[in-house]
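What follows is chain A paired twice: with chain B in the first complex and chain C in the second.
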Partner chain A sequence: MADILQAKGIESGYGNVQVLWGVDLGVPQGSSVVLLGPNGAGKTTLLRTLLGILPLRSGSIRLDGEDLTRVPTERRVRAGLAFMSELGVFPNLSVVDNLYMGGYFLPRGEVGGRMRKMFDLFPDLARLRRSLAGSLSGGQRKMLGVAKTLMSRPKVLAMDEPSAGLSPKYVKEVLETLELAHEEGLSLLIAEQNVLFLEHADYGYVLEGGRIVAQGSAMDLKSDDTVRRAYFGMLAETRPQET
Partner chain B sequence: MNLLEYALLAGLFYGLYFALVGVGLNLIFGVMRIINLAHGDFLMLGAYGAFYLYHLLGWNPLWAIPIELVVFLLIGLPLYYLLVPRLQKSGDPEMLSFILFFGLSQVIEAAAVFVFSNNQRSIPASVFGGAPINIAGQVFPVSWIVSAAVGLAGIGLIYAYLYHSRPGRATRAIMAERSEAAATGISVNRISALAFGIGIAAAALAGIFSPFMIGAIEPSMGIGITVISFAIIVIGSLGNPIGTLLGGLIYGEALMLMQTYLASWSELLPYVLLILILLVRPTGLLERAVRSA
Partner chain C sequence: MVVAITVLAYVFIPYGYNNQFLLFNMMMYMALAQGLNIIYGYTGYLPFGYVGFFGAGAYGSALVIIYLHWSPFPAVLLGGLAAVLVGMLLIPLFRLSGAYFSIANLAAAEALYYIIANPHLASVTQGPYGISLPQVYDPNAAYWTMLAILVFALILSGLMRRSRFGLALGAIRENPVSAEMAGVNVVRSRAIAWLLSAFIAGVSGAAFGWYISVFYPETVFSLSITVFAIVFVLFGGSGTLLGPLVGTLVLYGAYNYIGISTPQYFQLTYGLLIILLVLFLPSGLTSLLRKRGIDVP
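Here is the complex of A and B:
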């Protein structure tokens, strides 16, 4: 299937420090792609570069055939690339105001309808619409983060560590939320350390030291030896004796 | 008793006006985390604008309002792009902003001496019509009522902008979390430039009425007004433009009570209020913790 998001030869970094060294990555239309990697591998840097929050040093970025390499963040979001940062919400703004910000680029007439759609999708948020985002539980906050990015009807949602700082119960909630988003026809690119996300994904990349060191379908990656050692440490030990 | 009523009502008018004096400084601080030390100097320029429109063309200060709003917005936008993005790329933007805007304040003041001379200027309060207005048995100059009304309208417009317009909502998002606003795709620079322009235009708007509420217009008036504005926004909560209304009212009431009962001490008022609030409630009266600024 054609890649809706296509990044080639991405190099980027902060100041004098180069973090990414020629990263190639694609997100097929309608799929869910996980970007695995330890802390400091460059996952956040990659997402921020794709969004144009960090300047690209070399490489190219295309979304749905449109070249986004040189355009500012605002244009990328308008083109359908949404980003959910690790924080994901504005803690000092209400739930409704957060959703407004997510729908910032929608035509004025569509905002109300889109917001009702989000409240249908996430009834918890409807109940909490006047609350400050900062007062929500960790799981609800991620839910709001997803709803906020969905407001703009993105084609691809890039998420930075949706499970960070969440207890396993909330991680499950987040995964359910993402299933919902996926059913909306959204393509997902999820940067994670938690391999649980690979279970729910179609395809995966492993990023280490700013380079892609492994990739493949979620099934293949799960049985890949390097990945098993790095991310399924526990599972590797209890591996059935097939060799 | 009569005296107290008078002081309280006068304090209300002064308070509404002083909220306008401070609101631009607070808006700019809220969005950019920068203290515009040239705030009072822009107010001074606004005052000279009104003076010359009146003196040379015979225009009522009310006609200066639309003109100055447009002119100062147009000054603020390029000034933002010239100064702020570069400042924010530096290692310590907050500290450097003090130096930069203090320098800007000095430059504006020196240029004002050069262009306008050191002579004190004023606009006669009679431009708004002669007869004083009787409110609740007390008599007040029309110019006070007009200044207070403009102050209230100015704060109201900024409130409407922040809470009911698209760029205003984006402004609040930037105030709440700058990096998250960028991640949402809001063009942080454009929205901040607007806020900067509005902040400076609000200062100029307050300047138009300064001859009636603050005193004679002169090039050196800026720094004192910056200090008063700073006291007002600290009282009302830094970074919360609407909180400026509360800060302004407290300052106005305190000023009028001091002038009525302790006139010789009233010059100290902004400093006393500033110290009091910092001792009692450093985050301002409206509960909103100042982020690591």
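Here is the complex of A and C:
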């Protein structure tokens, strides 16, 4: 399978502090890839660098054959790289306006149909379409974040900790929606601490101290010793019967 | 509809009420308030030096009338372009945020004032001695030009509220990084709003210069012009089409009424009005309607 998103030798950081040291990462077409790693490993930094929110110090980024290394964020998004994070929604805009913003660069004729599709996918949002995004609950806001990013029909969707701050019920819902999006042919890159996401992924990377320390198919990673020690320890707290 | 009512008002009021200068000023402030609304109401940047564009417009048009013998209409447009030019020079100011932007913009307007008022440049700008344009003096034509400018400003502001561009500006105001991640070219969108806003101030300044036809640098770079426009926008409610109109009508009306009837209490009444506004209606008069569920255009 060809990689739709390809990052090579990524180095990046904040001010004098370098965080990423030569990270190589690929997202195969139509797959979902999980980026695991503890706090401070550089997961968010990596996603922000891929999107161009943080400047790249060295390395290269390609999406679907197009070189995005030196292209501003807004053009990377237009090329099909979408990013969903905590801050993705605009709290003082209504749900509908948020979705309009999500489809900002779609041709005018497509926006309506795409929005109906989102409302089919997320009936909750259809009900709340006139409410301000800021008045939604945490889970609903995350749904809106997903819907807003899907509006633009991205090729690759990068997500920063979609499970953070959510109750297990919502985590399950997010996972289900992701599978749905996955069926649409979307490729996913998910930065997570929650190893549960490995169950739903095809491939995984483990990032530590700004370097990739392990990678492999989701199956292999689950049985990998390093990963077991580092992450299934955390899982043990939530599911003691499995250790 | 808002536009139609405004036009009818300014077409017919002169027949019953003949203080044309007051009506002219009222239109001018409505246009300025609307222009300020485009940059402040839709993007959240508050330019304290907004008058710089006004002065640049007045001087730009006056100088081409004097030296190149242009007729007033193209000169007014050129005044607008002069303001856009100044606006382009000031685009780097958007690296600053909040109060820093406002103050740097104020400094820029002051700098422009000192350049124009500099006696050493008197051979070009007439320096502190001011401008006089007897050759094109025609207050009636200037009045109608100002009305056209106001209509232009209203239509522009109304379009922005409804368009994708307006929505994108709202998104930028909320969170520039997220807006960029939605595919908005933040730098360009902001610059467009800024230059449109500058253009409106520029043509307003040019029409004003034409109307009074004798003015000094301190007349058209007077800080009180900015302050008035800002207060009118805030009083009426920023980010709406109606707000700046209502704000100008009420406050500029009150300003003239008090100024004529009881000038000794003027500062007192005006100050009180503004204090009451800040305390009880921080989002402007139009927010009263919005609270009742009435959608304000």
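The working rule: the second predicted complex is superposed on the first by the 233 of 243 C-alpha atoms of A that agree within 3 Å, B and C clash if a C-alpha of one lies under 4 Å from a C-alpha of the other, contacts with A are read in each partner's own complex, and residues count from 1 in each chain.
Here is the rule we use: contacts are C-beta pairs under 8 Å (C-beta built on N, C-alpha and C of every residue); 3 or more make two chains touch, one makes a residue touch a chain.
Keep in mind that what you see is a predicted model, and the values were worked out from it rather than measured.
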Superposed partners chain B and chain C on chain A - clash or fit: clash
Which of chain B and chain C A:Pro91 touches, first, second, both or neither: both
Partner chain(s) touched by A:Gln18 [first = chain B, second = chain C, both, neither]: neither
Residues of chain A that lie at the interface with chain B and also at the interface with chain C: 51, 53, 72-74, 77-78, 82-83, 87-93, 97, 100-102, 104-105, 148, 152
Residues of chain A touching chain B in the complex: 48, 51, 53, 72-74, 76-78, 82-85, 87-93, 97, 100-102, 104-105, 108, 148, 152
Chain A residues within the chain C interface of the complex: 51, 53, 72-74, 77-78, 82-83, 87-93, 97, 100-102, 104-105, 148, 152
Chain B - residues contacting chain A, complex: 166, 169-170, 172-173, 175-177, 179-187, 288
Residue ranges of chain C in contact with chain A within the complex: 164, 167-168, 170-171, 174-175, 177-186
